[in-house]
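Take a look at these structures.
Two complexes, one shared chain (subunit A), two partners (subunit B, subunit C).
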Partner chain A sequence: MSEEVLVEEKTELEERFPEISRDDRKGYEGFIVPTEKLVEFASVLRDEFGYDFLSSVTGVDYLPEDRMEVVYHAYQTTGGPGLFYKVQVDRDDPVVPSLTPVFPGANLQEREAWDLMGIRFEDHPNLKRVLLWEGFEGHPLRKDWREPFYEGDGKPFKSRWPGGEVIRAEDSNPFNKNVDYPGGFDPEQWTPANETAVYAGVGRLDHAVSETALSNDQIIVNLGPQHPSTHGVFRMVVRLEGETVVALEPVMGYLHRNHEKIGERNTYLMNIPFTDRLDYFNSMSNNFGYVLAVEKLMGVKPPERAEYIRVMMAELTRIVNHLTAIGFLLNDLGAFFTPLLYAFKERELILDIFEAVSGSRMMCNYYRFAGVARDLPEGVFEQVKNLVLHRLSGQVDDLDTFLTDNEIVRARTMGIGVLTAEEAIAHSAVGPVLRASGVPYDVRRADPYGIYDRFEFDVAVRYHGDIYDRYLIRLDEIRQSIRILEQVIQDIPDGPIQEGKPQYQVRVPAGEAYGRVEGPKGELGFYVVSNGKPNPWRYHVRAPSFINLSALDVMCKNYKIADVVSILGSIDIVLGETDR
Partner chain B sequence: MTEEVNIPGYDIPPEMEGQVTITALDKIYNWSRRNSIWPMMFGLACCGIEMICAATSRYDFSRFGMEVMRPSPRQSDLMIVSGTVTKKMIPQIVRLYNQMPEPKYVLAMGACASGGGPFKEGYSVVDGVDKFIPVDVYVPGCPPTPQALIHGLITLQKKIDKQSIKNVRWYSKDPVEPIPIPLLGPDLMDPRDYALIKQYGTEKLAEDQQVPAAEEA
Partner chain C sequence: MADMYGKGLLKGLGVTIKHFMDTYLEDIRWLSRGKHRYYTAEGIDSRKSFDTSGIFTVQYPEERLPVPEEFRFIPFLIYEVNEDGETQDRCTSCGICAKVCPPQCIWIERTSDPDTGRPVPEPEEFYIDIDICMNCGLCAEFCPFDAIKMDHDYEISVYNRLEKNIFNKERLSRPVSYYASIRPTNYAREEAARAEAEAAKAAKKAAREKRSKSGK
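After this line comes the complex of A and B, so read on.
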């Protein structure tokens, strides 16, 4: 979309809503919407202006100005740049109308904002903590909240080496552990919060003995957090009628590692290795999203060769991810481990390349602002070339031959876990889940970043929205990735891999930026707010696995409990990213 | 096989070699246990992926008799704590540990499980699983490579070799006490620390009340 259309659109919006104002702080963009107009504004934007895809909802705590802000990033599924809007509320009593009735995809994100920042969303159907547990003291992402091992507001901490001696964080805590309790707290008087809150999401079961209760077949089943098919420490509370799923509620937070709080203490550069650990299958594309967001703020661009290397690594990691996703899906379907062995065989070869360029197999920490960490070592380019031109497509065809027409695979996956296109968009589903439902939305094509506008590739799309299509689309995408890689191999130029001198401490001007990439699991966004200091003021990750889960309930309803496992496998979540 | 468990110093007639072995009870007991360690299929985070890698064809830890990963704690001997242990998860981990039958071992895989790792300063991360359950082997790395994990498993085998049936925990007269399961309150609470928590709460309350009083004065 051209700039003019955007400007026109914006004026039109302003005429429609005279109450809204442009966000004219330096480095900021978008509109500031009054709270009472928010729901109307969002629905008009969706229905009349075509911004039907609510990518991200997050809160920012502006402590010095004593207010909270909720930021919404909206996009059109037909492509083009986004439109950002914000509401500002009082910090002491932040209440914002919930957008869940308009965009069901806001559900989990609003719960997260309540959990971590204490912003209350009115009319939210199920507003309770999502990453932490009910009863936790305080809202940790507020700027004045301090954790038990608090050492300072920004790194590097001075306190660790006073007088040249290392002080362990445990020694400064009376319990020798990472815990803290409010004043006057008496554990013996305290009653443990029971699981009622968790079960409330799937509806209450009437346990009183009555005739209706006895004739009722419904039971509540917990899957996880320790369950071999949940891909980590994920938990699902399922309400069953016989074997059929009536309601399902995802319960997460078992791997909540304070990514965002730590990210606000870290300097910009220090965050890159932390992003590796978000989606630990694809550290390369996580790096990519984060450096894009910070580069937007800094206003720099990497040199040509670095751009090509970035695309090369991002596509290789996509192949790794899709292969393992298929392997794990087949695991869940009962083909225990054999397909996964095939997938891991190729994964090892690609990880060898990652190890050669970055020094680590999984946690690559390879991208830098305006460049990459180091050039391809000798021989690696040939390795990539061999793999891409002579090996990978054959291996994918092998998987295709063995699995696609397999009778059991077809019987277990076709027509199961259907998500329609409308539902997928409304739930902000992204990546293969969205495209398998018939929406050809790929950030690489819709809003190109890096040099993706130069490559010839098709946006893979399938139309049934069931598990089988989500499996097929991953095969399609691997083939497209191979196509992109072939072009990269052909065109990659020589030259520097870093713009300017590599720096430990980058200067990031004040402002906000939202960088997003099409990660293998879907749109991965990083929302970074800078106030000119060495540390980001706010650092938020829009995690595809997390937001895709808001559609899990819709996908699983009216299918059998055995299908829940394979439906979850077909979404391909990774808990490091879901819980952050 | 016989060469491995034979005790040196006893001559076996040549015609019986390979069929008869002379050994100590400890030795054969440990030998059979160390070669059939069943780990629990229990991946917490990033390290879990490298644990799976160690099971795949390139590294293949079934060479050590460890390929039988059990999803149930009741059937497993070894808990590989592979990843960041969070406060929300530790009650479940302690419960799983209590459910494992003796003899049982714990391997802390990676920096997070060993001591909190890069996420140590975070508010919802337990800084090392050894604050709650006893750990036998620590494997450093973030994440450790499959080779490092296999090295850790071999280290565990060496540890098992040194145990003696006379003084192992699970044959002692008194039953082995289960570890009290921590609870989720305003923060994670270890039942063993209740007195300390109470004392801390009272002191903190007094301190909080003193500060406003001092300000008023």
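After this line comes the complex of A and C, so read on.
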């Protein structure tokens, strides 16, 4: 039934836009839209067909075909499968109209595609680099871009096997350990030229730069990059009128390591431990999203028991994440470390489980294609059971009693940092941020993956869209996760945990796949393009921590500078994922 | 009255006091039973369990949390020791670990026979740059000969990483008995599988011999 509707819808869409064509490459899906029709197409899709949520914008470099492609993944906030559309442009001069007028949430993603791929987005309000610095040479995700000490396009590298020889990176560096400044360079005198571009983003008034007398009350304040409450090396440039925020721009990339380029050099298997390092609080759900995408390409599924173990680990991770998110939020509010350490206490017990199962507390590297790395070792199931049935609910209630009615917490969070439902959707906000604004959108329910369609749970939703609701919704979600875990404990079957023999060199047929999970921080997507080789051709992470920042400006505007830190805390970002 | 200002604050402070008291109550309970909650294995175990209450910090380095069997840190190489005390590396220098290692931190030099120049299935040298190793455990997972496994020793800081942190074969090698001691379940499972495989091979060989005999 649903499929029929889908086909019909597509024809309707095609009738409406005779210029578009179906993407009929093998292993691909969706539509190819001519660039000049893109903006119209996206807005009609949003307004008439209900695809109001632009999940991800991804650039792909098809070097052999001499073409650049931008892939858009659109979904309906009412649920259901997605609709993918693409534009193809010439590789030498890739220009694509910007979708920011239709979906402001495309802002940071388009900047990322410009930064790393060199695709120019016309009419983008603020098109400049986002993860790298202004002045960086080239666009590193282009297939013909090579880094210093380049070894090869794909691992395994020849230098290691056969005939291994140890060469340290610092030994291949011509400057070795030399950290002298070049002659004539005085760091004290140096002002980075790119700062102008950063300040332009918040609309710095030119005359404010040179004039000694203040001609208006507005000043620019840099919060970060080394700020104790920015949750990592993250910077916010804020323009203030008195104490009130007029404009804010997030500046990031200090932890950038081009995870995606590394991922395209890696074999499919090698990427699993690398995904651990994205959002290092939630390595289990990062693994989950990535293996889902690759499993889609491979056309395999894990056995029953593995499915249950996956859900078990993913939900435990969610509890860990939400506990720490609440703890850090309270830190940001000035309740220094007592709530955080109470949250960490429970986290420790859950990490004990991760350690026993996967071998590591945080870098779990536990999911495998069509399975998980190993079965639960002896005693672990009991551990999970005791924790879930006899401890966690009580501890969550404790936290609830501890904080929810606290007058100071309420005064500092209620009605602050409000994001309306419309704004949240338009800015592609996901996860607790979206749901606290009154949009009950949860990938586990809207577009179930794994075996989530079997569990009974409520999609938590709150309606004020302020910090307080973003705090409450995390408590709600912990309770729902405990509910899911109870069902997992009851239903988990015996059996194998891996389909087929584990292989270190998996065969992945050519094609594209988008795997997404409801990570604790929101929708975490992995877009993988395979060309049949051992390394992915394109590997893109739709990072919730990154894209949720598109809405930071809206959330902070017209509130006080003192609230900015707690608003940031309520989004719950991890810089490992934001900067990738 | 229900909305008395400060009630929520007081309620919260109640939770803090409860946490504070719980720790001492727990300590007193242990004392009254004549047991020690700190610096004993039993005490650490109880502080790790789900029904622990109060603060359960472990005072490292005076106390250490026992690591679970699957815990992984840096890989090590296993060698067998026979009755005469001779050692034999399990590693055949097949190179799979070097190929599967995500940060590519394993380098292997193969041995070749000095007379014939043909490769011998044994590594001449085996290096792991443990500064780069990301402790992922994939090498141990995919080694077909169970020759490389993940160690439990996590206290390996040195003052000079440039000299000390490229581990060679000598530094990496551990006897199989060490492996059996840190990972007993895994060891037993692998040994059982090996015995089974050998028995199957022997049975096959016996059957073949029998067949060829009866054929004659």
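The rule we apply is simple: the second predicted complex is superposed on the first by the 541 of 580 C-alpha atoms of A that agree within 3 Å, B and C clash if a C-alpha of one lies under 4 Å from a C-alpha of the other, contacts with A are read in each partner's own complex, and residues count from 1 in each chain.
Throughout what follows, a residue touches a chain if its C-beta (ideal position, glycine included) is under 8 Å from a C-beta of that chain, and two chains touch if they have at least 3 such contacts.
Values in this document were obtained by computation on a predicted structure and should not be read as measured data.
Asker: For A:D405, decide between first (touching subunit B), second (touching subunit C), both and neither.
Answerer: It touches subunit C, and subunit B stays clear.
Asker: Report for A:F336: first if it touches subunit B alone, second if subunit C alone, otherwise both or neither.
Answerer: After superposition on chain A, A:F336 lies in contact with neither partner.
Asker: Considering only the touch criterion stated at the top, classify A:Y463 as touching first (subunit B), second (subunit C), both, or neither.
Answerer: Touch status of A:Y463: no partner.
Asker: After lining up the shared chain so the two structures overlap, which partner does A:K345 touch, if you call subunit B first and subunit C second: first, second, both or neither?
Answerer: both
Asker: If you stack the two complexes on chain A, which partner ends up touching A:M363: first (subunit B), second (subunit C), both, or neither?
Answerer: After superposition on chain A, A:M363 lies in contact with both partners, subunit B and subunit C.
Asker: Report for A:P182: first if it touches subunit B alone, second if subunit C alone, otherwise both or neither.
Answerer: Once the two structures are laid over each other on A, A:P182 reaches subunit B alone.
Asker: Jot down the residues of subunit A that show up as touching in both complexes, subunit B in one and subunit C in the other.
Answerer: Looking at subunit A, the two contact sets intersect at 170, 273-274, 345, 348, 363.
Asker: With touch defined as at the start, can you tell me which subunit A residues reach subunit B in the complex?
Answerer: Checking each residue of subunit A against subunit B gives 131-133, 135-137, 140, 147-151, 169-170, 174-188, 190, 192-193, 225-228, 232-233, 253-258, 261-262, 265, 273-274, 277, 280-281, 340-341, 344-345, 348, 361-363, 575-576.
Asker: Quick check: in the complex, which residue numbers of subunit B touch subunit A?
Answerer: 41-46, 48-50, 52-53, 56-58, 71, 83-84, 86-89, 92, 96, 116, 118-127, 131, 142-143, 145, 183-190, 193-194, 196-198, 200-202, 204-208
Asker: So in the complex, the part of subunit C that touches subunit A is made up of which residues?
Answerer: It comes out as residues 5-9, 11-12, 14-16, 18-19, 48-51, 55-56, 67-72, 95-96, 98-102, 104, 106-110, 125, 127, 129, 134-138, 141-142, 150, 162, 166, 185.
Asker: For a test of understanding, state which residues of subunit A touch subunit C in their complex under the given definition.
Answerer: 155-157, 159-166, 168, 170, 266-267, 269-271, 273-274, 338, 342, 345, 348-349, 352, 355-360, 363, 365, 373-374, 377-378, 383, 386-387, 390-391, 398, 401-410, 502, 504
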